[in-house]
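Shown below is the structure under consideration.
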Amino acid sequence: MELGLEREQKEPKVTPEVVTRHGLTLEEYELICKILGREPNFTELGVFSVMWSEHCSYKNSKAELRKFPTGGKHVLVRAGDENAGVVDVGNGWAVAFKVESHNHPSAVEPFQGAATGVGGIIRDIFTMGARPVFLLNSLRFGPIEGDSEVARNNRRLFAGVVAGISHYGNCIGLPTIGGEVYFDESYNGNPLVNVFCLGILRHEQIAKGAAKGEGNPVFYVGSETGRDGLAGAAFASRELTEESKQDRPAVQVGDPFREKLLMEACLELLASGCVAGIQDMGAAGLTCSTCETASRGNSGVEIELALVPQREVGMTPYEILLSESQERMLVIVHKGQEEKVKQIFEKWDLPYAQIGKVTSDGFMRVLQNGRTVVEIPARALAEDAPVYYREAAKLRPPEPLGIEEIPEVEPHDALLALLSDPSIASKQWVWRQYDHEIRIGSLLLPGSDAAVFLDRESNIVLAASSDCNSTYCRLDPRAGARIAVAESFRNLACTGAVPIGVTDNLNFGNPYKPENFAQLREAIEGIAEVCEFFGVPVTGGNVSLYNESPSGPIDPTPTICSVGRIESEFHIMPAYFSDPGDAIYLLGNILDRKCPSHGFGGSHYLKRLFGQKRGTPPRLDLEAERRLYLLLEELASIRCLNSAHDCSEGGLAVALAEAWLLMPEEVRCGVHISLPDIAPPHILLFNEGQTRVIVSVPKDKEKYVLFKAEEIGVPALKLGHLLPEDDHLSISIGSRIWKWKRQELQSAYFDTIPNLMER
Amino acid sequence: MQVGYRSIARLAVVQFPGSNCDMDCVWAINSLLGLKAKLVWHKETKLSDFDGVVLPGGFSYGDYLRPGAIARFSPIMDAVRDFAEEGKPVLGICNGFQILCEAGLLPGALVRNRSLRFVCDRVWLKVENKKTIFTSRFGEVDVIRLPIAHGDGCYYADEATLGQLEKEGRVVFRYVNRDGVADVASNPNGSCNNIAGILNEKGNVLGLMPHPERAVFENLGLTYGRLIFNSIVDYFLSDEYRWS
Amino acid sequence: MKVHVEVKPKSGVLDPQGNAVLEAMRHFGLEARNCRVGKIIEFEIADGTIRREEIENKLHEVSRDLLSNPVIEDYKLQIEG
Amino acid sequence: MKVHVEVKPKSGVLDPQGNAVLEAMRHFGLEARNCRVGKIIEFEIADGTIRREEIENKLHEVSRDLLSNPVIEDYKLQIEG
């Protein structure tokens, strides 16, 4: 067969060197030849290279990802089958949600990189037929304190990423209602930008990304294709180097306005019943959407490139197929419905074109002016990428710390230092830039343990939280990953929610290095174990490998986004204290005597005050964790708690200070607690023992709370009271007492980030 | 309830490409007694079925060039102009306010926030004029709290215009602190004279940056927005409206 | 025909962007003043369809009513070719 | 010394504003194409403090690192006086 030999632009020859430059190994090249029964041409090589990149094929992580529990009676669409998983939430409604990374584009161009990341994940959700309802974002940067070049660059990245998310999310009209931001050296030069979107739909609205029905027309709709973002999927599957700066064409510019129109048009289109299949053009653009829809539909797809709306002249087939221009969709329409479809696109002022049709021969066939330029079995391309079982190094277990190795710092100063750590300090500066009240459903504003949102259309209340302590993961990836999942579920439980699904973003270093691969495997197994234990399915996720900068890989960061359901809006609990008459309790152990490091391994106390990342991460007892959730659920449902806030980074003292500082102005008062004198103060106050929540209890409910805690088997300790006529936080241990003025804690907590960013 | 020959007053919520608080307005308005909201696509040319018009918030045309710059040329805007001319109530919220200024239905302009950042927060406002068709229900309530969310909310007009607005009581809402004092710290965007919302000369067109539709449902913690919509209901029930 | 429209904030109108640029330039060790940030809009028009004069009128109309806001901005129109 | 910096999206880079402006001009009965929207930044620098050449270097630095985003934009620097 002769393929497009007479084309005007002569394509480069496929040489071993060209193959390597495309990130394919020679073995992979041989496999391609076998699939085709001949050598690929240059365009076909490009097509294979993006589809077989880690980003699209998960070739290095697939075998590991199979360890996740993905099923369950509420799962309507499983992880990996479509663009996002779908979970039943009752009354005929379901949710689709997923997290996606845009780390490398954001490193090169923070504003557009983050913005297009938001655009991409939103498309994944409405492609499923769901109306997107809210966003979360999980961000990591190098340290932003100080005047060094590095710190300044980190601030620039941080400001740019937040502005980019704000720009895209606000414009399209989705509330960004939660997330996390951490700062750590390991992210110098390689920030992490993970964005999450959740959408809601009726069961019968689930749309499939499959090309079905021979002869059905294939439509292209959305922005014109340009040379931007060429081969971004391949870009994401490489390490960042100095030369990455030269990869600038890989950066795309987003147009949230177009996306808004595209979203409305697609939802209208899906409701019209004209659509046989639909798929967004994300990574690997037109290539990915054509071969994946064909593969899922057990069919073939044939498209003509001359019909594709183009922004630039003289684009080659290679460029058109590999472009990652944003805001584009592929829609397969039931034959005979073309006019209705066109009307909808025209109503929304969107460029569109009928570019091809569904065939039955199983090929992804691409023509240019009638000549075949690509002809590849779609299924092989989409599904048959090699799966690698990478070599995993044996990881060194972390060395436990003795209690005597934890230096003592005056608690007064230590608390101030921790609250002014940018990773702990309030992220208000961030979320003030996000419209978090649009769609009038944010029942808890950002700043609570989990975001809580009422969808006005379905009347369903959902909660979502994203978590990961990467210091724990660096010391022990399995333990860190388990804690990430548990913390996420605990955050949900603190608002009154019960988890229904998890989506994860695995941010790791180059998997070809056995140490990195071992971290990946350990983390996956840790996530799987906890999800399995609680019967919560992993409904999808994303893998971002090659997160390295010249100074090495990032600390492993398996970001967990969990979604929960809240039975009734009357069960919702905020994180902050709200009634000056309340008593304060700790649910869980004040000190984990079974933990070798007493909850100081990988703690913020050691990191912030002594620059150390060492020890064994806190111990996690899943049975105890389960009992805690049960207790919270029970107490929330009968409204026995006025607030619940979990102890995480910085331990009990930080959690207490947060719950107090976040109190609404009109009910402000003081708080006093006293702790049993069973260990040195810094150990009691700052250990990061797991499975602990600070709650505030109305006076008349105290007895019942204690009774329930006892019945379920959760330790409950009365810590103290809110003090109506006061404005201090005070803690006493034995005969000693420490006191903080509101003003000093407040400025440490709320002013740190604005002061760093606004100068 | 009787409004003209109808039992309920009908509000058109105009949907421009890029409007994104349109559904919020519909949900909020439809939760209140005496009002019924319906979406109207910007390519429509008639508003004769409606008693009032709401231009909702959002990013019409992506805010490209300037917020509201392109939307003001939408086909529906001629009808909105006629509507305003007839003295019927027109409410522009956030992007809707920007569109009304661009269209010349309200004086002045809304420019970039002085911080150059988008700001989403809840702010205190003083209701400076309670004798308008949008504020008659405020009664004893002077200082209220409403959500804001905008990147271009800094109200600007020349001295003469500002003087006139102040003199004629057309500054309806002003950013203040919780004690009702308009100081620099309580101005979220740098607006001249801390202006958050203004009225046209005739008194039937109100533009404001804060979002009353986000303060209607109890479970969001703020309900001052109801007073604005309820004032409109009262107006439709008034003799003034019935005989106009 | 190439069209080039410059839109600048009127003098007297606060320009926070301009101020921010001055601030930022100081970090580069550059002391500047009177900074104003405006826009340029460039586009092409196919010749020959309408008379030159008519086009010019139209372009002024577009510049005044769409590309700039006379309350806060001035425009400058240049036509090439 | 007056400085005038033009910042425009690189050719090939999507310019969403430009697209929207084209759409809108159609309302005026104007069929245009290739619309790009950029920025102009104008400011003044007191003469005499540093050498001309040095200033020019600084201005290029500022234009590249502060006023434009080299990843997606090009700049053009003009110095008067």
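Per-chain numbering from 1; labels A, B, C and D assigned in written order.
We take it that a contact is a pair of C-beta atoms (placed from the backbone, for glycine too) under 8 Å apart; a residue touches a chain by one contact, two chains touch by 3 or more.
Since this is a predicted model, take the numbers as computed values, not measurements.
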Between B-D and B-C, the pair with more C-beta contacts: B-C
Length of the line joining the C-alpha centres of chain B and chain C, rounded to whole Å: 30
Centroid distance [mean C-alpha coordinates] between chain C and chain A, Å: 41
Rounded Å distance, chain A centre to chain B centre (Cα mean): 36
Residue numbers of chain B (touch at least two other chains): 61-62, 64-65, 69-70, 73
Of all residues in chain C, the ones touching two or more other chains: 39, 66-67
Shared interface positions of chain A, touching two or more other chains: 255, 257-258, 349
Graph class of chain-chain contacts, one of line, ring, star, complete, other: other
Each pair of chains that touches, named by its two labels: A-B, A-D, B-C, B-D, C-D
Sites on chain C touched by chain B in the complex: 12-14, 16-17, 20, 39, 66-67, 69, 71-72
Touching residues (chain side chain D, partner chain C) in the complex: 3, 6, 8, 18, 21-22, 24-25, 28-46, 49, 58-59, 61-62, 65-67
In the complex with chain B, residue positions of chain D that touch it: 16-17, 20-21, 23-24, 27, 37
Chain A residues touching chain B - in the complex, by the definition given at the top: 163, 166-167, 170-173, 255-258, 260-261, 347-349, 431-440, 442-443, 454, 456, 569, 665
Of chain B, residues touching chain D in the complex: 61-62, 64-65, 69-70, 73
